[in-house]
Each structure stands twice: as C-alpha cells, then as structure tokens.
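The same subunit A turns up in both complexes below, where it pairs with subunit B and then with subunit C.
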Partner chain A sequence: MPPKVDKEKCDGCKAQQEPLCEQVCPGDLMTLGEDKKAYCRMPRDCWDCMSCTKACPVGAIETRIPYQLGYHLAKLIPMMGTNTITWTCIDINGKVERFRYVNRGRLD
Partner chain B sequence: METPSSKTGLFFWDQGGRLGKALDLNWLLGKLSKTKGISCCSLLDDPWGPGGLSQVVEKVQKGELGRLLWVGRFSREQQGILKKKLAEEGFNPYLQEWCDLEEQGVCRDGLEQTVRNKKALLLIQMWLARVRLLEPLAPVEIPASDSLLVIGAGAAGLHAAVSLTNLGKEVHLVERQSGVGGKVASLHRFYPRLCDPRCGLEFSIQALSDSGRARFHTLSRVVSLEGGPGNFQVRLEKRPRFVDEARCNACGECARVCPVEVRVSAGSQPGGEPPGLLPAATRAIHPSLPMGFPVAYVVERQYCPPGCRECERACPSKAVELDQETREEDLLVGAILVTTGWDPYPLSKVEEFGYGLYPNVISNLQMEGLLGSPTETPKEVGFIQCVGSRDERHLSYCSTVCCSVSLKQALYLKQRRPDANCYVFYQDIRSTGFQEELYQKLKEMEGVTFIRGIPSTVRPEAGTGRLRLRVEDTLSGREVNLALDLLVLAGGMVPSQGSEELAQVLKLPRNSLGFFESHLQCHPEESQRTGIYVGGCSREPMGVAASIESAQHASLEALRFTGGTVIIDPKYPVVDKTKCDKCKRCMEECPFGSFYFDENEFPSPHLGRCRQCGNCVGICPLAAISLRNLTIKQMAAQIQAASTSFMDGKEPTVFAFLCQNDAYYAARDAVEAGLPVPPNVVFLKVPCAGYVNNALIADALALGIDGVLIGGCEDGQCHYVKGNQLVSKRSDDLSDKLQKMMMERDRVRFVNLEIRDSEKYTATVEQFVQDLRAMGPNPFKM
Partner chain C sequence: MSERNAPKDFSEIPTEIIETDILVVGGGNAGCFAAIEAKSKDPSLRVTIMEKAHISRSGATAAGMDAINTYIRTDKGETPESLVKWSRAQVGGGPIREDLALSNAEILNESVEMLEDWGLPIVKDEDGHYKLRGRFDISIQGEQLKPIMAEKAMEMGAKVYNRVAATNLLMQDGRCVGAMGFGVRDGKFYVFKAKATIVTTGGACGIYKNYTSDYSGAHHQTWMCPFNVGTGYAMGIRAGAEMTSLEQRWVAVRTKDFSGPVDTLSVGYGCLITNARGEKVLRERYAHLGGDKAPRFVRLNAPMMEWLEGRGPVYVDTTVLDEEEAKDLREDLLNERPTFVLFLASRGIDITKEPVEIYGSDPYIVGGHTGSGFWVDIKRMTTIPGLFAAGEAAGGSPNKFVGGCAAEGRLAARGAVEYLASVQLPEADPAILSREKERVFAPLMRGPAFDGITPVEMEERLQRLMDEYAGGISQFYRMNEERLDYALNNVKMLQSQTQYLFAKDLHDLMNAHEVVDRLDVAELLIHHLKFRKETRWPGWQTRMDYPEPNPELDCFVESRRDPSTGAVEVFTRPYEQLIPGDRTQG
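Then we have the complex of A and B:
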C-alpha cells in the first residue's frame, strides 16, 4: 500500500529539485506532481519501508500499512528524534502500543 | 584543536549561604562526586575573596581539569571575569558552563526539600551532560577590505561618504544618473532654515574630491554581487558618457552646436515626472545632471541624429568620444550602503485634480522649480495636501515631509510676493517636531488660509485660464469657492525606480510598500543581508536632515566590516556533511540568506553573513546543523539527562525552550519576582525560538517528558525576522503528528512571550501543568 500524502501539509520541500521523500525512497517512487505536491507514482511497487514517512519534515506522509499487517484503521507511526525513533502501533480495535529505540549505525 | 581531557571540575558557589539554605549541598556533592568523569567537586565559599579562585586556577595550571561547570548565580560580568582569568592560564573559555539553579526556581519557598534536591541534581546532571560535549573554540578572523560601496549619490550618500573618507576609508559612489546630488539638488530651498540645498552638497563634493579617497561611478549600476561582508565582489555596469572625463573642462562649446533638444525628467529615466529646479530641457550633450558634477559633459546618444558628430568637431579639448562603449568594472568592498532615495509618486495616477490636463496644476517638485526661476510669482496659489498619500487607492502611508514642504513653499512665496494669497487644503497638518514653528508662523501670517477639506472639483475658468475650485471647509461646514492662478499638489514619495532591480541583485528583502526592510527599532539601518546597510528614503520616507542622519548611522554600522579583519564569534553553524542530504531548506529559510554551496555542493554558512540565530538548526529535517557552541548533540544530551522525573509520584514534568532575547528574561524575572511558577518546569535557553528542532521536541517526548513548551517573541518582534513563526508552524506539524499517534496534541505548546511577560509565563506554565495532570502521564514514560 502506498504512502498517503496530506496535500495541505506537503509544501513540496519548497519546490527544490528533489523533495526529501524523493531523495530517500529506495524504489524512486516518490515525486512531485504538477501541483508541486509529492505523490507516489507507482503505488504497487511500494515496499512500505516508511523511509518517506520518517523523512518528511512537515509530517505530511502517512504509510497505509498493507492488509497482511493490519486491516483498515490500523496504523504505524514513527517519530524521529535526534538519536531515537519512537513507534506508535495502533491496531484495528484502536489498541495502542508504543516503542522507543535508540538508533544504531551512527554516521558520526 | 585537540580534544581536551574529559576531567570535569564542578564548583558550587554558595552565594553566602543562599544555596545552602535551600538545598542539601552535602547530599548533592556526595552524589555528584561519584559521577563518572568528575575529578573535582567542591564548594567555594567566596570565589571573589582572597584564595577563592586560586584552588581552581591551581588545578587548571596542573592540567587536572579539562572542563568546568560553575553552579550558582554568576552574573554576566562575573562570568566574564572567570573566563578572562582562566584564559590567562591557557584555559579555553568555551570549555566551561554556568548552571544557575536559582533561576530555575529551585530556591523558591514552599517547595518540598526532596523535590528541591532532586531538581537541583537533575539540573546539574543536565548541564554536566552538556559540559562533557563542549569543544574548545576560538574566534575566527576573516579578511576585510578597507573600502566601501555607496549606492546612490544623493544627499544621504554623499554625506555618508564624507564621514567615511574622513575616517580614512576608500569610498566608491555609484550613481545611475550622469551627476551626483540626487533629488535634493533639484530643490529650491530647505526648511527649516530656508537655505539653498546646493550649498551643503557642494560642500560634501568638495570634501570628497579633496580627500582623494572617493571614486565616483556615474551612469553606473550594480549588476552582480558575490562574496560576503568584508569582501563583497561587486560588478558595475558603466554606461558610456561619450566624453572623456579627464579632458572635458565644461566649456560648453559642444552644447552650442548640438542640434537636438532633450526633455529632462526628475526620475532617473527620461519621460518621467518633470524635475524641480533643473532645466526643463537641454541639448543632447549637456552638463552632468542634476548639479554639474562630475564636471564633464554627457551625451544622450539615443537622441543624436544619425551620423551627427557636431560636438566632436566643436570640442576644443578633443574630449568628445562618440564611440565609447558600455564597460564593466569589478570592485572589492567590505560593506555596502544603500541610499537609493525616492521618486515622486506619479501624480498622473491621481485624476481628480486635473494634473496633466491643466497647465497650472503642478506638483510640489515642479513648484520648487518655479520658485527658483525668475518668472513672475502667481498671486492666488492653492496647495492640496496628501495627494495620493494616506489613500488606499494610491499610497497607504504618510510621506512625512509634504506638509512641511508646502508650508515652506507658501512662506517663500509670501516672501517673494507679499500680496500673494495662499490656500492650504489639508486633512491634517503633520508638521512634526520643530516644524510646528513653521506652521504657527504661517497661521499668523496674513494672506495664508488653511482650509480643512480637499477640493471636490477643479475646473478651468473660461477665458481667464484660472482654476475654479469648490471645497467644503469641514470645520465651518461651509462651501468655499475660489479662483486660483496656480494649484500645487503635494505628492508623496515612493522608492526610487532602480530599487526593485537593486533588491534583486543584492537579494535585499523589501516590505510590502517597496522600501527596504529592516528591524526598525533595534537595528534601523541593518538590512536583512549582513554587511548591507540601508539609509535615507530607501528605507522609509523622511526629510533631508533625517536621511543624512540615517545614512551616517548606516555608515557607522558598516565600518564593522572594514579595516583589515572582522572577528567572528565561534557561535556560527556548521553542517554535518555525513548527515546532510542537500535538501536546501536551510538555504531557503535562513532569514539572512547566509548559506551558499561549497565545492561539493553542500550548503555552507557564510561566516560573515550569518547572525548566529540558529534558525537553520531548527529547520534542518535531519538535525544535521549545529551552532558550534550549542550543538544539537549537546542539546539532545541535556534533554536525555532530564528524562528522569524529579517530581513526586504522578506530577507532570515540563521542558521549556525559551528564546534568550525575550522569553528567558520573562521566566527568570517570574522566579525573581516570587510568582508562583510551578516547580514542574525546567527550561533551556536558545538563541532564537527558531533554533528548536522538531527532533529535540520528539526526543523530549520520547523520553517521557510530559509536555514541551516553546517560548518565542511576539509576531513581528523577532530579532531574526520570523524565527517564532517558523517554530510555531513546526510545532503545529508535530502536534498534528501527536494526534495521529493517539496522544494529546497539546503536549507541545508554543507561546508568545515579551520580555516583561513574567505573569503570562507563570500563568501559561500553571495552565500547562494543570492540563497535563488531566491528560495523564506521557504514554512513552517507560
């Protein structure tokens, strides 16, 4: 299932050459439309890696998780700190679980 | 610089028992001395007395301490003394920090002892986390050229240039027109002294020529700008004068043979509004306008008949060179002054008074010309004020000078022809400051009538050529009918024609009215590009005296970037190139346009242009930018150290990021004034609210801090243009995300605080703590 872009929030990364989601997408699926808002051009090819969701600086992207993982209403939301990532899992019944990880693989 | 040892010295200053009264210092010292990395932890009774600091200095000399943390209230002056004293021993001043427990409310009355001690411990641990990551820094020196560029050689530019050359600086004056002097040269008289403006201009031109340090670039414009403060590389495009400046002695033989007549205009382009005191028309070869300096003549080549070379043949000194071409010249300057001045508002856009239709309806600038010429003075003269000004259809603002200009003109008219009758039609007379005297003088004068009302109709009288006016005097309520010989429209000022193009070349932001933007109260002459200063009417409409003053102030500021070297505080941002993915948001959002691409196309801050506000740190989606003395890692470490709760049981904890210009003072004064600030809050100060990166807020929330408060300036008051707006937008985005995460969006709050808003701060924190109690603990508290 493809990432869903909130068109109101997306600012097309100020119409720079490549928005962040386009840079980060491993399948090169994200791009800017004519309205200068990001969209996924081949939803079927998306692996649900959530890279774009994490990278979006305005929080405009949400990954709709595939049915194998959770039916409608289920959500998985990352929040990026400086060196941490937190995950919020919401299942179809609205039950919430939260996890926090310290990032490994530091670049510096 | 090599990394200093991690051995940290922790010194408490008891402040004569103030800390000791509130806190269990022995417990704190016992706890902290066991902390990893602390090699010395002691209490100073009196650091300023004999032997007080010597133990610290001794340890530093022996190399036992690599970093220092001072706990207690050290004033800025005292911090300076410490820094200086230790720097003498070779200790880098950037390797120490000050932790003020008192301003965080630890010593407040009515607080439980355990909470106090725990909060104090937590604060010291937070600051220790930061101290561990401190790096030795040193100021950076960048080379600075000793010359300056002044764009616009009008009254403001010339006077500023005189001051600068007097200080030994080299000044390049750039002027679009063929000669210097600007608008002021076309005026007849100055108020309040009613002297001739050329006198002051000639005086400054003389001073500039004598100094030998000023270069005039007439018929020129700036076409490109590279580099930054200290070394701007400016490219000028110089239109040909067609006369050799070195040879021409302005004898005027050429103008006598020239077959073409050319109309002169007040603006910098032909065909604009008619000029003031300048000749209405000249030959195609004429002296420099407006005031014959530079001395050489100039040829308006576009008006020459094809093949005509009369002037070239007539010139006795062989100065005319009709084959000159446009040239470019590169200059290296340390700072730039923009004094491009104003143009008259085109009165042809104001239709109701017959300007352009009837020959005896003229603008106030034309009136200057009339008063200066020997023609007969008309007897019945009307002045309409605020033509096109303070009018939503035209200019929304007041140009501040037009009232006094009309008063001056009426006064001079009466001096020339005592039996003349002047009528001033006004909405309000705005003769500010000492010009009130002029107004009072005219009110007393016979034959000068002030009518509060703007004429409803202006029609020519058949046969006589006079103008018939109908106007309602709104003070008496009566209709007045008048026949006038001349009607003068007092039009307003607009930024000069070239300023739009110049704004593009210099990348200078302009306000919605087209004037160059600046922070009007604190740094009126500082544009939003460091090293470029704006003075005079290019910033705001003002009178001649004010604009000279403003330009001179601007030149004083500009001196900072001249004189060999500029010293930059090591608080500038650095980009972590392993993290940066060149998204260019920092370039986009930097309020001062200080980022450029380095050789590998990474954004890199220009140290001279940067004003060290840290908005780039906040905007970076990857948290890859850090201020050198306040890195994002240090911040993150401080937040991490704050994750353990110091409050009892289920009491929420609040983490606040406060702008150090306003909100920090509000918070500090709230504690000092004894306001009931809840003890639940711990704050960090940041250079601008815009410094706060969403990742830092996310860190705080992920670590279980219940609420995050960001305190920034009121809208429009931010010293860094819009840091507060940027961060409030970002925190809104984060709030939306929290909502999606099934958390309360109100856990992140942004509040506008002014410097004296202590009570608002207290109320905000109280409300926040109450709301957080209702929300329950942060679900990430694990």
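Then we have the complex of A and C:
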C-alpha cells in the first residue's frame, strides 16, 4: 500500500485546485476524496517514487513498502530544505539513521 | 479531478487546437533537452511540450538518479570513439548504429555540463574533475534531476501542457503535422498542430509481467517507470513508421523483490556477484566473456543461470563494505531509488553483515539502454517526414542513459529546427480529428449497461501472456517459435477485443489507451523475436530452438506495419562498422 495518507495531517492543500500530491504524481494516482483528503486511487499502481511524499507541505504522506515485499514497520521520511534533503530512516528493529546532503547547486 | 471532469456524451467534449512550431511529445529527460535546445537555437520559435503527467516529476527519472553512466573523461584518454567502442562491446559487438552513437558522444560532455550549470550537484574528485565510479560513470546527487531539467525548459519559454496524454500522431499527406490526445484532468480533446514533432515518450514498461506483480500491492514494482508504456512507439507503429531492434530487449539484473540498482553496488562500490556457495560468479565462471566487465546481458543472464543450475540465491556481496561506505552507498540509492533504502530497512538488513540478493527484472523495450525504437536518420528524423525521435524512443544506439538521451534530445531539436524552415502548417482535416476524438473517448461512452473489459483486466492478460510465451522472467527469458506464434495469435485476439474496453473515469481512460498502446508494441516485438532465429544476446533474447548466433543475422531487424492493411513487414538493414577493431572488445 505505498502512499499512506495521515487524514489528521492532510488538509487537501486547502485553497489549491489540486493538492500538490495530485499535481505531481507521475501515475495520476493521488487524488482528493469526498472528504477533501488526499488518497491513492490504486495503490498497486504506485511506483514508490516518493514524489508525493516529498511534495506534501504538511508531511501527511508516508511511502510504505507493500507488505508482500517488506515487513512491518519501517519508515523513510524525507525533509526538503532549500538546497538540501534530509532523510530519516527507521528499520524494523527501531534503528534510526539520518542522511543529509546537497540536492541543488554545484559541488566545488 | 478525473472523476469530476469525465464527459458523459461526445457533445460535451471540448476540442482545444494549439498551433506550434515544434511539438515535443513527452517532457522527460530527452524531451526537456529537445525543448531547451530548440529555444536556444531560435527563441522566437513556439515550442510546446505535451506531457502525460506533470513535468516536474515525470518519466523515468521521476525519483531522481545517482549517476550519469556516460561521461567522457578526456584527461583519462577517453574519446567519443572509445565510448562507442565500449557501448558496442556492452551489447556483444552489436550491431549498433555507430553513426548515431558517435554523434551523441560528440556533444555528450557538453550536455552533462549544462545540467551542472542549471544546478545539478555532480561529485568531483580532488583535481576538480567529475568523480568516476566506473570507466564512464560519474556520481551525481540527482534527487532533483527531473525538476532541474523541467524548470530550465520552462525558463527557456517552452509551453508545457501537463496531464495531456498523447493518443495518435496527426498525419497529413504522408507527413507528421502534430499529435492528438486528451486531458487526463480536464477531459478535453487536444489537437497540437506542429511543423515538426519530436517523440520523447520514453520506452515501454509493462509489456511483460513482473514477478512481484499481484493485484493488491506490488504490481508496479518495476525497474523502468511503469507509466512509460510505449505510447510513442505505438503512435509511430500505427502511422507506419519503421521500428528497429525491438527484439534486443533490455533486461537488467536488479535487487531481488525490490527493483533496486545493482550497478551502483557492483560497479560503484566493487561488491562482487556471488552465488549460494560463495563463488564469485562472473570472475570464476564467466572470465572468458569478460568477467566482472562482461557485457550487460551476460551480467544479467549469469545470476539467472546460477538459479537454474541450483546455485542460487545470488547476491552482490556488500559485506566487504565498512560502515561509512555502506552509508555512502545508501545515500546514492536515496538519490535514485529511495524506497530501496526503505526496503532494506523493512527487511532489517544491515548490508555490512549480509549481502544483498539479486535477480533479473521483467523485460523492457527501452532505446536508451538497448537498441529498440524508431529507426532514425542522423538528424533523428524517423521514416515519417516531420517526425523526430530521441532518447528511449529512438533506436539503434544503446547505452545512452541520462547523458546520451540529453544529447540526443538536442540533436533531434536541431534536426527539427532545420526541417521546419521548409514547411508550412496545413489545415487539420476535420474528418481525422472527429475520428480520433471518437476513438479516444469511446471507452467512456459505453453506458451503464455495457458488459465489457476493464483496462486492468486486459493489461494483466497481456502481461501474463508475454511473460509465459514471449520470454518473460517466469521462463528465464526463453522462447521458441511455437510459443511466439501463440503469443502473437493472442495479442491479435486482445487487439480485436479493445472495442470492449470501458472506462469509468479519465484515469481509467488513460489506462485503456495505455493497454491499447502496449498491445501494438507487443505485436511488433513478437514479429522481431520471431525473425531473429538465433540467440545473439542470451537473456535479452534467448531462442531455445535456435541456441547459437547465426552470422547471417549480424544485421538490424526492422519492421513496419502498414497503416491501411495492418500487415506487418519484417526485414533487415546492414550493420556498418565505422570504428575499426574487435567488436566484442571495449
């Protein structure tokens, strides 16, 4: 079930015509439900590219590995900075690791 | 949105007609570079990009990239010729279009450096050169690769139509004068009239079933972007364009159960492929074919042979890495396939203590990796006047990857700019437009009582058929004439049943056209596989009834489907060696 939306956090990007996850999803899979919260219309069709997860301004989307492939419960949370990205990874044993690096600009 | 704007009746469907000088179909890597090049050659040109998704995160590089696999370090003695020689050896000596490969190579470095100028972080060595991780591979921190290219295309003034899926080329008097499609979100029928059209729709994924495929959760656990379905090829096939080398399928060795990159581990970090007995597979069993540097299809087929012969599972041995290297490696993976890092976490795998399991992928048709795609001339014009192709869509020149697809996008744009100076925009034929509008929207208009087939049902039927009968992964990529005949007969049956496809909304309608496109690609692919009665690239193309290479087939296999009769003609073109030397040595 790749993108899992936290209904408490998701505000449907309020005034936007389309929430950012819907705008960006390469598979046209994220959309708004009748409750004005985002959801993935066809979880089997997700490519796990995490574009929606990166784009969500309130951190409401979590990308999950389908249970058919990976055990419950690991997490990978991206935080987008101006020219950096920070990832927090938590494995099924609770081990936490952080990765932070430049994603825009020359490396001289 | 797609539910809200789905038209219920043909009379409700608005038609939007856009006139442009250059139409780029598909705003991925090659498409963005094509648009940028056209605008930089002549800023007054109207350049329009038709994009099925949203250009900021569409196509094969949506998740990012961790390397550019082709860059020529001239200070290390490499040249465009040495790159082409290497590329030729990687596909077992070809045949490859050395003319195309050389012209790409000549502007390759410049294209990569453009990316750095636009803000792509490229890793440097202590001398300030791009840091090599393999002979031609350089490391990038490419999480933002796609947004960077997209922003540049828009900054240069290309007009982007997001969420417009292309369905057919607009043909007039034997030449291409644009393309048609529909708005996946707004439900409009779109007509783009263009003096020149460049197809950069990527390759075809989902022709074959992948082994993790199941209905509920992991259908798209594919290496190639599953939203690239071969629409560009299919539109060309329907218009009678000549296709080349479809039988040279790209199948890659990937991490098992989750399609993570293996080159990053084996090439970038020196982790060797080992079998269940701990033997170094390539080094010990494939030394005669180049060992660790063996051609790509050998590196794919070797692990699968280990499985077949009882020496699987097979791994890349990451236990040679220390903690710091293991962290660097996962940082690279986060740039290209972030969820692979999540996958490792979900298995609780510490890669310094246990190796990473690998396996083959499902087969893809991708002209940026192998030679499949449109037959093009040196200016990247297809056999249809006015229609150009670049990147994964253009055939003949394998191992292009990110840098080569960028270079080829630019070359196609130059060809298009030159071509359009001599042509006028014709009036669109209203009969063609209304016929296409009806074809495109028909699956939405079947009515509530219609007893038909969903796009997903047809897609799954096709994928299992191709997997079992046309050399998919469940068959360890093997096929024979009788199975290919069975596959072809059933693809034709599926094509005859597309009239029963129905769509409940615009997303479903997109899926319906995706399966129609995949069927056309599959049909021609099977013809190519049937024609090559030999085994030239085991794994990519394995004929059990013709297990050896046939010197008489050391040539390109070509096909063309007659748009009026549907008859498929398969023929050959000769290979021309431009760079002398042993073709199997890089």
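Throughout what follows, the second predicted complex is superposed on the first by the 97 of 108 C-alpha atoms of A that agree within 3 Å, B and C clash if a C-alpha of one lies under 4 Å from a C-alpha of the other, contacts with A are read in each partner's own complex, and residues count from 1 in each chain.
Note that in this section a contact is a pair of C-beta atoms (placed from the backbone, for glycine too) under 8 Å apart; a residue touches a chain by one contact, two chains touch by 3 or more.
In this text, all values refer to a predicted model and were calculated from it rather than measured experimentally.
Engineer: Identify whether subunit B and subunit C fit side by side or clash on subunit A in the overlaid structures.
Structural biologist: Overlaying the two structures gives subunit B and subunit C room side by side.
Engineer: Output check: A:I92 vs subunit B and subunit C. Expected answer is one of first, second, both, neither. What do you get?
Structural biologist: The second partner, subunit C, only.
Engineer: Would you sort A:Q23 into first (subunit B), second (subunit C), both or neither based on which partner it touches?
Structural biologist: So A:Q23 meets both subunit B and subunit C here.
Engineer: Pick one for A:T82: touches subunit B only (first), subunit C only (second), both, or neither.
Structural biologist: first
Engineer: Would you sort A:C13 into first (subunit B), second (subunit C), both or neither based on which partner it touches?
Structural biologist: In the superposed model, A:C13 contacts subunit B only, not subunit C.
Engineer: Who touches more of subunit A, subunit B or subunit C?
Structural biologist: For subunit A, the partner with the higher number of touched residues is C.
Engineer: With both complexes overlaid on chain A, does A:G33 touch subunit B (first), subunit C (second), both or neither?
Structural biologist: It touches nothing on subunit B or subunit C.
Engineer: Please state the minimum Cα-Cα separation between subunit B and subunit C in the superposed model, rounded to the nearest whole Å.
Structural biologist: 5
Engineer: Enumerate the residues of subunit A that count as touching subunit B in its complex and touching subunit C in the other.
Structural biologist: Shared contact residues on subunit A: 23-24, 55, 75, 90, 107-108.
Engineer: Show me the residue ranges of subunit C that touch subunit A in the complex, using the header's touch definition.
Structural biologist: 1-3, 53-54, 56-59, 62-63, 116, 119-124, 128, 141, 143-144, 148, 163, 184-185, 212, 214-222, 225-227, 257-258, 327, 330-331, 334-335, 338-339, 341-348, 507, 510
Engineer: Using the touch definition up top, name the residues of subunit B that touch subunit A in the complex.
Structural biologist: These residues of subunit B touch subunit A: 576, 578-579, 581, 583-585, 588, 619, 621, 623, 632-633, 635-636, 693-696, 698-699, 701-703, 730, 733-734, 736-737, 740-743, 779-780, 782.
Engineer: Within their complex, state which residues of subunit A touch subunit B.
Structural biologist: Listed in rising order, the residues are 9, 13-14, 16, 19-20, 23-24, 55-59, 62, 75, 77, 79-84, 86, 88, 90, 94, 96, 98, 100, 107-108.
Engineer: Sort out for me which residues of subunit A touch subunit C in the complex.
Structural biologist: Within the complex, subunit A touches subunit C at residues 1-2, 18, 22-29, 31-32, 41-51, 55, 63, 65-76, 78, 85, 87, 89-93, 95, 97, 99, 101-108.
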